[in-house]
Every structure is written in C-alpha cells, then in structure tokens.
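Naming follows writing order (A, B, C and D), and every chain is counted from residue 1.
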Amino acid sequence: MKDHIGIVVNNKKINELYNVISVQIENANLGTPGQFYELKVKYSQRMRIPISIYNITDNVVEFMVKIVGDGTKELTQLKEKDTIMALGPLGNPFTPPQADQNCLILSGGVGYAPFYYFKKHYPKANITWFHGGANRNEVFEADRIFTNDGSIGIKGFVTADLHEYLQNNKVDRILTCGPRIMMKNIANIALPFVKDIECSLEEYMACGIGVCYGCAVKVKTAKGLVYKTVCKDGAIFQGSEVIWDE
Amino acid sequence: MKDHIGIVVNNKKINELYNVISVQIENANLGTPGQFYELKVKYSQRMRIPISIYNITDNVVEFMVKIVGDGTKELTQLKEKDTIMALGPLGNPFTPPQADQNCLILSGGVGYAPFYYFKKHYPKANITWFHGGANRNEVFEADRIFTNDGSIGIKGFVTADLHEYLQNNKVDRILTCGPRIMMKNIANIALPFVKDIECSLEEYMACGIGVCYGCAVKVKTAKGLVYKTVCKDGAIFQGSEVIWDE
Amino acid sequence: MNRLATKLGKINFNNPITVASGTFGLECANFYNINKLGAIVTKTITPEEKIGNPTPRIYETECGLLNSIGLQNPGIDEFLKYHVKEYKNFSAPLLVSFSASTIDEFAEMLIKLEKIDYIKGYEVNVSCPNVENEGLAFGIDAKIVYELTKRLSKLTEKELIIKLSPNVTDIVSIAKAAEEGGASSVALINTLLGMAIDWKTGKSMIKRGVAGYSGTAVKPVALQMVYKVYQALSIPILAMGGIQNYKDCLEFIYAGASMLSIGTAQFCDPCLPIKIINDLHNHFTQNNINISDIKGKVWGID
Amino acid sequence: MNRLATKLGKINFNNPITVASGTFGLECANFYNINKLGAIVTKTITPEEKIGNPTPRIYETECGLLNSIGLQNPGIDEFLKYHVKEYKNFSAPLLVSFSASTIDEFAEMLIKLEKIDYIKGYEVNVSCPNVENEGLAFGIDAKIVYELTKRLSKLTEKELIIKLSPNVTDIVSIAKAAEEGGASSVALINTLLGMAIDWKTGKSMIKRGVAGYSGTAVKPVALQMVYKVYQALSIPILAMGGIQNYKDCLEFIYAGASMLSIGTAQFCDPCLPIKIINDLHNHFTQNNINISDIKGKVWGID
C-alpha cells in the first residue's frame, strides 16, 4: 500500500458511459481481486475516487470506470502518458475459491469490474456469472444477462430468477457487487440457500485507509451492532452480517 | 459595454513574463485608449481579470499580459479558437490630446500597455514616452528606456531624470500608468511643473462595473475626501486629486 | 400558471430570484432587463453618508471572496433626494436595505422611507461585519433584534425582512426573535468573517484585517442555517450564500427558502440572475413542479 | 540550529506540523515515518464506546468536506487497554484528544490518562458538532469552558490544549476563559456547521442532516479566528482549518499560530504532513528565518 504515481498507458471508451483505463503502477501485480485503488488526477482539487481492480497484467492495472459525476468524468478524460496518483491496493480481496466450490457471481452495472479479474485470477474455479444492468450500455460478457429495459438478455433485475436458480442448482458461495438495493435483495433471497455471500460494498470515502471512519457500514458482530469501514475492514462483507436497512 | 464572448485568434509570447493575446470581440472598435476589459477564462472558477486595451484592429483587441499569478497565467495559456468572456470596454479613456499639447507618457512595466494604443489612436499628437522596468524583460519600445538593473537603457527608475527634464522642456500633460509608488513619485515631482497628470490606477476588482465599491481609491473633491471606483469613475484619475498615501 | 411564482410575508413575486444587497446596482441594466428579476434589493443605506473603508477592500480566496466595503453609501437623505427615483420606473418590486446604530435611528429611517410608495419592502441589515457598532452588534443579540423588529413592524405595513448574521452561536434564536417582533420574513446569510494574509510578506490582503467572506465556500454554512431556521420558524426565508446556479437554488428551496438572492457569483457573470431564472423555469417545467412542491422538503435525515 | 523548532505552553516540538484529530491514524505509518511529525494527535476518545453516526457520513462539496462521524471510538477503557500502547514506541510527542458530557466525566478521563507517562499532553475537544450534548455544548459557553479548564488544569502538569468551536458569536471570550482556567494552549478551529442536499431529489447528503465542514473553504474563517485570539491571549495557539500547503502554514503563523494541524487535506495526499515540513524547512532556510521571526507579525492592518 503506497501512494503511487501511475502512468496512463491507455484509456479506451467502451460506450457512452464506460471507459477502461490502463495505468502502469509499481508493484501492481500484488493486487488481488476485490481490492481497489484510490485514484486522484494530479492537480485536480477533488478528493480521491475509489475504483476496483478490473484487471492486472505486468504491473498495468486496468480500471473500468462508469461516468456518474465530475470525478469519474475527469478520469475518462485522461490521456496516454498522463500521470495519476494511485493509492493502493486497498481493502481486502474476495476469498479465493476452493476447488470443489460452485461460485455464483451476481453483478450489477459497474459492479462487474472486480469479477473480471476474479475470474481471470482463478482460472480453475467453477464460476457461474449473472450480470444485470439498466440497458445495453451497462451489460458485459457473462453467463446470463439481464437488462431492466429488456434491450438485451432477459428483461428484469439480475435477481429475476435467482430464487428458482438456487432451488435447482447447488451454489456454495455467492459473490456480488452492485447497487446496495440489489445486494440487499440478493441476501434476502439467497441466505436461506447459501450461507457464504460475499458482498463488495460502496460508501463515500475520504481517507481510504481506515483512519477517518467516513466509509462506515453497520454490521452485526458478537459485540452487537458496530460500524466497520468499507476501505479497511471491507470492501467485502458477508451478506448475513450487513444491516441493509441503515 | 456587454459581456462578450471573445474568440482568441492569437496568443504570442513576448518573453518569459509577457504575452500579447489577440481576441476577436464584437464591436471592439468602440474601445478607446485607457479603457479595459474584464476577462474571464470560460469554466475557470476565478473572478475576472481587468486588462487594458493594448491595441485594436478590426474588432480584434490585443491585450498585453504580464504573468503575476494564477489568473494571468491562465490567460497566457489560452490557445487559438478558445473562447473567453470579455466584459467591456470598461472605464474612462485618457483625455484625447490637443493639437498643440506636449504629452509626456511615463510608464512602468505592464503599465506600458494602454499607451501603445493611445499613441496609435492619436497619430498626430506630440508624444514623448519614457518607459521603465525592473529588467530587460519589462522594457518595450519607447523614446527613453530605464531599467532598475541597468541591463538595458538608463539604470534607474523612470523618474530618474524627470525633475531635470521638466525644468528643461515644456510639458503640458503627463499620462502615466505603472506601480502606485511610481505614479506617486511622478505626481510629487511633476505637479509643480504640470497640472494635468492623468494616472491610470489599479485596484483589486470584483464587479468591474461600479456596483460593489470594491476597487476604491481615495480622492480629494469639493465635498472632501471620498472613495471613487477605479472601474467606473476611473481608471484615470488626476495625480493632484489622488490621496497617494492611503 | 407561473411555476416560478413565490411570496415572502406580504408580497408576491413573479419568480424567486433577487440580488444580494451590495452586489447589484442599476449599472446591471446594461446587461439585462432588470424587470425580469423577482425583486430588486438596494445596497444598504445608513442614516449618514459613509465614505467606506480604506483599501484594499476586496480579495479573492481559493473559493470565496473577502470584502470590506464598509457600507459606502450617500446616506438616506441623499438617497431619497437623488437615487431612489432611479428605481421608480422598474416594475420589479423594490426592497430597500438599510442599517443604523440605534433602534431610534432605524425607526427614523423607516419613517422616511415609508413616504416612497414604490418601495415595496425593507431588508433590515443587522448583520454587516464591516462597520463597527453598526448593524452587527444588533444581529448577534436576540433581545435587541426583538426590540428593533417590534418597533419597526409597528411603523410599516410593507414587507419587513430582517437580514441575519451567520457569525453567531445560535441563529435560530435570533430568527425567532425577529419573528416574534413582527418581521414578515428573514434573510440569511450575510457574510461570514474571514481573513487572508500574503504568505510571502505577512501583509493582510484587506486593510481592515478581518473582512466579510462570501461565495461558493459559504454555501454549506448558509444551507445549514436556512434549514434550521425553516424548521423553527413559520415566516418565509430569503436565502443567500454562495449561490452560483439553479442547482444551488434548488438545494436552498429544499432546505426551506421561499426566495433567493444572488450575490458574489454575479461578479463572474453579470447576467447570472437571468440565466438562473431561465434554468429554474426549465427545471420546474420539465419536472412539472412548482416551488411549493419542494420547499422545505429535504429528506433522508435521521 | 533547528529553524522549525517551536513550542506550545509546556512542550518543545521539533517542528510545528501535527495532524488534526480524527483525520490521522497509525495506518499513516505505511506512508511515512511518523516520528518526523512535530506531534501526534489521536482521534477523540470518549468515556464510553461510541459506535458513531448512521451513514452517509461524508460528502465532498465544491471546496470543502462535510463529515458526520459522530466520534466513533472504543471508549477510554478499551483505548487504554489496547490502543494507547501502539503509540508507545514513537518518539514524536503524543497528544491525546478526549471529550465528554460533564465536567466530572472530563476529569475522570484525565485522571485515567495521567497514568500513561508517554502521553505528553491533551487536546480537550469541547467543540465536536457531530454529537448531541457532548463537547459542543461546552465549547459555546465561556463560563463552562472556564470551569472545565480550571478543574482539568489542577489535575495535570502536562500540556493542556483546549480545542475551540468556530460556531460561536465570540471565540475570543471563550479562548480567554480557557486561558484564565489554566489551559497551556488553545487549538482552533474545529469544524464549522454545514449541510448539502442533492438538488435532483432533495435528499440530504449526510444522514444526520447538519455536519461538520472543513477543508479549503474554511481557511479564511480559521485565519480570522486565530488572528483575533492571538491578539487577545498570551498562551500559544495550535491552528488548523483548511491547511493544504506550506503557504497556508505561513499565513497562520503570521496570524499568530505556534503550531499547525493538517486535517482534511491528508485525504488528498496521505504524505502531505511530511511534504509540508520539508517545504517549510526550505522556506525558512532560504529566507534565513525561524518561526518566532514571523509569528503574529501580520501587518498592513488599519
């Protein structure tokens, strides 16, 4: 974990909303799936923007960025050779899959990002991947595709046939990342079937390193309800421990 | 007076400190020597920067800009075809010279700017021009040149031989623009010889149009001491009316 | 239907956008049709002429503006004799801002102003930080604000707006005092106190040292105060502090504002008030709402 | 000669740069050698564990940060049992920040903390805006600040810093109360109060509504308060509020600061405190000055 000076080697527009930005970062190969960097465009006044590792090859980290506001927009405007501060890798990775485990990935929108690297990093894992998005711009390669507007794949949320699927298939673990409401629904639907649901949560961040308690998420523990930090204790939490209705 | 959308047609570096920026502005030909524009780089958060008219040709205004801080630096980074908001022309012009008047111009540093257009605008006027600057970067074409470091022209302030000059030459009007301390010294030295000393003053500005009273300068009037505004009542004031030691 | 229609205590306005006292003058008529404003607010007038503070009076910080004008103005008599007439032929309602050092002086000023029928209301400035013993001393003491408002409210039937200082421990108690005294609305915020120093030389950027701080930087502070005052009072709020665009206006309306003043941001763009009116109109039309649909309706607070 | 040497009331520091309470943790040791700091200030500790406020707790505005952490901390007993040890092996002087709801509680906490010899001083937080009836109620009342300080100053020989709230009508009177009560220094400012609302939906960006406002935007306010307090007091000032670079530090030193805390700006750059120390060192060397040459020496004020 260090505040690296990253060098942009490529910035590719995938569609109106998404870019994939490739950044050369010292020791980046140490990053594991589920971890993220806090990026900062040099000379920009803004605080940092947490972005998941989407892929790593030869110390070049790829970030999949969805434009939602000024900060993400700035990221997509970076050009080759621009420098960018990259603090990380931060947070904890998803638990590595075991050989005999059936993993079900459920991703929504830009929640797709961390699983691309997960799948690449664990080539032998048994993975089934459902992905959902609002429309065709929010959809990427997966085993089953959902869109809210039905423009591609199955019309509906990524949870549309989850209950049925879990009734008919053996799933040992669920890994999920996406809007909070999606992950909450997944936890509600899936917990009767699957104990181990790893959710990658989002919260506004300030420090990114666990000192400010800004990125809090309420979880059940042996000691009662406490706030843990997404940046240091997370971003991965068990679906069963998160207090979803906070 | 309007908030025009100017289009940069040229931005020429003269030396490390100075640029001349040419901006095409609607109806710019109406501007007269001594007036200024409040410039604003589009999408910059900063307030406006008052810059004198350095030259006008065919509705293209040239501005001579000295880099002293972030705002002037931004101006020098403008590229051809960039747009820039230009509020003006603002303020009052220097009084037009009469046919038989001997005008002495005394400028310091970037205070050179308004007189270039003055001289061009009144080709028949009898003008003698002394210009002074800290070093050779601050010096431009004039009848007599002074530098503080002696790197070019006469070593010393622009006022170095003023007293002597006024003793030996008939001067009907002085026009001056430069650091306040320079203009103060000029007023002190020259008032015994010349009543009519037009000084172009500088003050921090906010509105630029006379509504906020931010750019105040203390002057003697029949009613006593009052604050007038540089942007609307000025920028030209008589050396005899300004309270220099405020 | 005019979606932008709004009102303070006693006046209806065509739209909620006006200009902050001291940041606007009739020179702005060179840039747009002033009658398109919801209202016009004058620079603060005092009982006697004020020549204002020494210079420098203005300094721009990273994200705000420091000013130390010192209420430069010709005094009420000169104002009534020469200047007020210039406002006569505008159809936008005229609100006159005034300030004084004692309750009696405030009352005398109001009596003089009452004679002008085209003045539609008053913004009573009890909060200017740039003059000593004038305005601010009032604005920080709930009891005095109550006494002052009680006195003034008996002297007029017109809109009586008390403009509050943010430089207080508890703005709600002072706003309440104004309400209890009979104010028909409150305006907030005046400038915060601020300072800037040249790091190279140690020189104060403003001759008086401490100045009034306005602009983008103060918006979160203003919003918080508007929100709290709206929760506690039943008279309407004229809100200001760092408004730069129609989005900022919407934030303030959600917090509880009935009307909004544009101040410092005009120095970047003199036409801004009109642009904001247009943008608000478009936003309300597109979303099929009017001000009362969202006023004070901030949610998600625990 | 160490040009950066400075002191508060009782401790000498190698340099004037420390970290603002709540914005620093030992995690920062991953980024730089913490012993290079002039001092270490802990996150505020309270008598009992606090789980903190609901989320969202953080929101970045145009030029500042809103936070509503709610003093999340394990409580003093847990702190003394597990956490304080982690600070033992650092040579940078350790200052512990603490807060409570009654004078008795403050005193009890101090008595417990006194047992740890490597704690070199205390930053008494009477000014946190994000908890009800804790801290802030104290910080706005000069009489209570005086009583509290008097009580605490009798219980310790160590550095006793009272950290003041900017959300008051007159910070000087409160700073004076701390001085009269026996504080060896004062720290200012804690966060302003601020708010932000999503203009599209009307949702508060912070779950608790009103939050603490810090960062660049608050610097002019902080500077003004440091200046005024320096003029009125004789004990030293630990200054903070929007410091982003060594130039900002120089502004505060000219205004009267003896020492400086870096807060929000660390979130942009975790190594910032060290960079600032280096930059200050270079500036002082190049100009052949030390802190006392410029402390409080702002000029050009009329």
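Things to note:
Convention: contacts are C-beta pairs under 8 Å (C-beta built on N, C-alpha and C of every residue); 3 or more make two chains touch, one makes a residue touch a chain.
Please read these numbers as outputs of a predicted model, since none were measured by experiment.
Chains that count as touching both chain B and chain D, per the definition above, are C.
The chain with its CA mean position farthest from that of chain D is B.
Centroids of chain A and chain D (each the mean of its C-alpha atoms) stand 35 Å apart.
With centres set at the average Cα position, the gap from chain A to chain C is 47 Å.
Spacing of chain A relative to chain B, judged by their CA centroids, is 58 angstrom. Contact with two or more other chains is made by residues 54, 63, 216 of chain D. Residue positions of chain B touching 2 or more other chains: there are none.
Taken as a graph of touching chains, this assembly is arranged as a line, each chain contacting the next along an open chain of partners. If you check each pair of chains against the touch rule, the ones that pass are A-D, B-C, C-D. Of all the residues in chain A, the ones that touch chain D in their complex are 1-3, 40, 45-48, 85, 87, 203-218, 225-227, 232, 246. On the chain C side of its complex with chain B, the touching residues are 22-25, 27-28, 30-31, 43, 51-52, 54-60, 63, 65, 67, 69, 72, 216, 264, 266-271. Here chain C touches chain D in the complex through residues 54, 61-64, 66, 140, 167-169, 192-197, 199-200, 202-204, 207-210, 213, 216-221, 223-225, 227-228, 247-248, 250-251, 254-255, 294, 297-302, going by the rule given at the top.
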